[in-house]
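Labels run A, B, C, D, E, F, G, H, I and J following the written order; every chain starts at residue 1.
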Amino acid sequence: MSTRPSRALETFPNPNPGRDYEIRLEAPEFTCLCPKTGQPDFATLRVRYVPDQYCVELKSLKLYLWSFRDEGAFHEAVTNRILDDLVAALAPRRMSVEADFLVRGGIHTVVEVHHP
Amino acid sequence: MSTRPSRALETFPNPNPGRDYEIRLEAPEFTCLCPKTGQPDFATLRVRYVPDQYCVELKSLKLYLWSFRDEGAFHEAVTNRILDDLVAALAPRRMSVEADFLVRGGIHTVVEVHHP
Amino acid sequence: MSTRPSRALETFPNPNPGRDYEIRLEAPEFTCLCPKTGQPDFATLRVRYVPDQYCVELKSLKLYLWSFRDEGAFHEAVTNRILDDLVAALAPRRMSVEADFLVRGGIHTVVEVHHP
Amino acid sequence: MSTRPSRALETFPNPNPGRDYEIRLEAPEFTCLCPKTGQPDFATLRVRYVPDQYCVELKSLKLYLWSFRDEGAFHEAVTNRILDDLVAALAPRRMSVEADFLVRGGIHTVVEVHHP
Amino acid sequence: MSTRPSRALETFPNPNPGRDYEIRLEAPEFTCLCPKTGQPDFATLRVRYVPDQYCVELKSLKLYLWSFRDEGAFHEAVTNRILDDLVAALAPRRMSVEADFLVRGGIHTVVEVHHP
Amino acid sequence: MSTRPSRALETFPNPNPGRDYEIRLEAPEFTCLCPKTGQPDFATLRVRYVPDQYCVELKSLKLYLWSFRDEGAFHEAVTNRILDDLVAALAPRRMSVEADFLVRGGIHTVVEVHHP
Amino acid sequence: MSTRPSRALETFPNPNPGRDYEIRLEAPEFTCLCPKTGQPDFATLRVRYVPDQYCVELKSLKLYLWSFRDEGAFHEAVTNRILDDLVAALAPRRMSVEADFLVRGGIHTVVEVHHP
Amino acid sequence: MSTRPSRALETFPNPNPGRDYEIRLEAPEFTCLCPKTGQPDFATLRVRYVPDQYCVELKSLKLYLWSFRDEGAFHEAVTNRILDDLVAALAPRRMSVEADFLVRGGIHTVVEVHHP
Amino acid sequence: MSTRPSRALETFPNPNPGRDYEIRLEAPEFTCLCPKTGQPDFATLRVRYVPDQYCVELKSLKLYLWSFRDEGAFHEAVTNRILDDLVAALAPRRMSVEADFLVRGGIHTVVEVHHP
Amino acid sequence: MSTRPSRALETFPNPNPGRDYEIRLEAPEFTCLCPKTGQPDFATLRVRYVPDQYCVELKSLKLYLWSFRDEGAFHEAVTNRILDDLVAALAPRRMSVEADFLVRGGIHTVVEVHHP
């Protein structure tokens, strides 16, 4: 059970590229590790985007998010990284990624990143 | 019980075409099939529009939504399709359709489409 | 108990006509009849306005809303009608009326009308 | 539109009379008149029962509740009356009726009646 | 405007004395004065009772509650007092009074009294 | 896409038959047809049980629930039917099934059935 | 206990007059009398302001609000009056007062006033 | 500002010792220190009791709770301690204390203690 | 970062073994793997117990829960396992463990286990 | 346990200085003392900022907030002070601090400060 799931994001053609419209995805099952302590962190990820030529395939997104499970990642860096990977795969017209982390040390953190 | 309900959207004349006003409809009973797996998908549909000469008749809208029950439909395509059909029938001044799908593979999806 | 309550809207002078301010009224007890089936419809009415020279007297508003109890009225028409009557009685600087109807045929309807 | 709907409650045979089970119905659209002032009262009705030989048919229940629309009725009396009528029609093993009235004079009233 | 409203609780005959049933009343508009500081206290009152021969008339209950507006009253004493007065007037089969006071000194207080 | 999914409920051995414990399952995606009108009905199903020798396998439960999609079924009958089928497959120590149907004709219905 | 509390609003110097910032105050304990019927009215007051040279001292605000307890006051007039008094005492850069009154005659009223 | 507030709990005579009734107090402002790390802990305290001869005076309860601000205290021990102190001061017929602590290390803790 | 955290549960002496009282712990950060698919599962764990001679030390509980992160575990088995481990370590007077898993295949599962 | 925790805010380099993005932090565990009465005040702090070259390290922020525990601080002044300290340490592109204080004297206060 130790293989890292594929980080490749699959896409399918946007069925309506002639129109700007928004897709919102919420994944409450994101977990990675704190690079300082090695302890697990948990977050709900929210992605909003206006597709151009491609939409993200949900199963590959699920595997992509799962691939962070055994990796050390700072809150700010991993949120930017996910946006960068999604932008690289989809070239969306607009996109935002919000990572809403569970409380650590009495502080609740949310990071929200936009493209462009 | 296997006949597909009519997809024809009926209309009635807007009682106040001289004024821009908004009608909001929420239908929590939309279901179609996943084109990949054949499994049922479920969504709440939300329609907002500013009517021009016509308003949509509610019973025909109910039958229209019901007509997708046995059809395969991707999230993004079916939301755009419903907007297109409503725009064709009503020629509204403005309209949006939001389809809020139940969780699949740990991911909750909402698609929101606007006209014009 | 069969007399229709008065539809006359009473007013009182705005105590601060020199200033734009907003009054918001919510009446969860509106009922009329469906003109097609004769069956009762139920709604919560929300009125927001910026008064000019007059404010609406609450008791007369209550009687006014009650006067629709035995009348057939389509959702869109009755919401526009209530705005028209209130505008005629109050000549407000701005006003909106929102009628939030209980579910019919699995569809929840809200109509929102603005003046001017 | 002035005919009083039928007060006759229709029933259908309980499909599982060999087992005690509970049916809960909630109707947010009950209205009658205050016998003192003639003004409308509004309530949400909640019926819970364990059927014996009969279940209540929903459409006839809807018409039954509608039949109070033009009648004067005290909160306590009408709740007991509805329980009595339902017990007479269904002879249930157990039943309760709860009527949850909107605020009058700053006081919110609920009446809950049980059989037996 | 300084007359104390009547403290007399009026009643009407219970329309169903042959059956035990419950009446629940909630009044969010109770206010009295703190006997130590003279400052106003505010509470929501909740009364639940099973009537015997009499039910409380709502308008007289409203006036009764209003009669405490200018009186000094400790939380515990006033809640017991209201139960005593209601029991004296109604002789109910069972009754409870709950007074839910707004925060004072960072502490939120609820007093709940039962008869018998 | 018209094949009815299998109605066979699969099971796996209870990992702790020596202890009474409860499993609660909630499936918000149940739909069947109204036997009178042929129109779709929608419900959330809640199953609670104390397993004896067997637990229900979730994927087969999903297919089982899906198998009602094209069948006419009265609220009361289908809830009893689902309990009977689950009891036949699992022989649980205790079980309840609750079906919480969306509003029809202004009335919201819940049916709750227990075994034994 | 019949002395009217002081209506004088005390202030203290704004600790950061060089910066625009917002202070929001919510007081759920406002009560006055209806000038028509003499009956008590209850409201939650919400004040938002950007201070200039002065901030309002909370204890004096509490006494100020308390001073309306025995006074007749229409909803619209008293909300404007409170804004006027606070503006006179504080000369804020911006201020709003919202009074959210409990239901009267089935209608819930909110009045919201802004300066300038 | 470093003096520890008085830990003495003051009481006043129960105005109705002839009747069992319940007083519920909620104080969301409890803080003490973790004896291991010296870091602050925060809790909401809930006290429910049936008074015998004495009720607790609220201001002294507030000071009593405040007295733990600079003290090290384990969750379980401090909750038992507060119950013991209140029982010693009030000799109530029944009492419970619930301490609802904010999350530490991803775990939310509640301790609930009863007397007798 | 691949070492499995210690599964040893540490305890400390119950500060009040002379009294039955309840400790409730909620940990929203439990994750393990599905033994069939290898995919991650997520749950909120709730533990309630009445300690006898020992209480569980929170940090060791956190590490214990974390130790399941890379292990395959069926819902029913892992919940029973956690109860068994906690009972073995603490010998509590009473204990329950509830595992509330995120939706899989449209079905939300909760497993609740009690000792004794 | 009486040493004041360090007020020094530590930072780490922004992993994505090339992009404007937002970090939101919520700390429900802020407490200081009222400079007039010496009594404790409690607040939830919310910080939102767009980092430039530095992000705030969470543990140092926790210690920084803790450092106010034994200090007298007016609501308005301490909120401005926290913003000033964070701006001095981080030089963010944009920042706001909101302090949401628990009720004092029946009034709930929120102070919200922005930079620039």
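Criterion: contacts are C-beta pairs under 8 Å (C-beta built on N, C-alpha and C of every residue); 3 or more make two chains touch, one makes a residue touch a chain.
In this text, all values refer to a predicted model and were calculated from it rather than measured experimentally.
Tell me the rotation angle, 0 to 180 degrees, that brings the C-alpha atoms of chain C onto chain J, to the nearest 5.
145
Of the pairs H-I, H-J or C-F, which one shares over half of its contact pairs with C-G?
H-I
Using Cα averages as centroids, what's the distance between chain A and chain C in whole Å?
46
When the C-alpha atoms of chain B and chain H are each averaged to a single point, how far apart are the two points in Å?
That pair's centroid distance is 56 Å.
Report the inter-chain centroid distance for chain F and chain I in whole angstrom, where each centroid is the mean of the CA atoms.
From the centre of chain F to the centre of chain I is 29 Å.
Would you pick out the residues of chain F that each touch at least 2 other chains?
Residues 28-29, 102, 104, 106 of chain F each touch two or more of the other chains.
By the document's touch rule, what are all the touching chain pairs in this structure?
All touching pairs, sorted by chain label, are A-B, A-H, A-I, A-J, B-C, B-F, B-I, C-D, C-F, C-G, D-E, D-F, D-G, E-G, E-H, E-J, F-I, G-J, H-I, H-J.
Please give the residue numbers of chain D that touch chain G in the complex, ascending.
102-104, 106
List the residues on chain C that touch chain B in their complex, please.
Those in contact with chain B are residues 74-77, 79-80, 104-114.
Can you list the residues on chain E that touch chain D in the complex?
12, 14-16, 19-29, 51, 55, 58-59, 61-62
Across the complex, what residues on chain J touch chain H?
Spelled out, the residues of chain J in touch with chain H are 1-2, 28-29, 31, 33, 38-40, 42, 66, 69-70, 72, 102.
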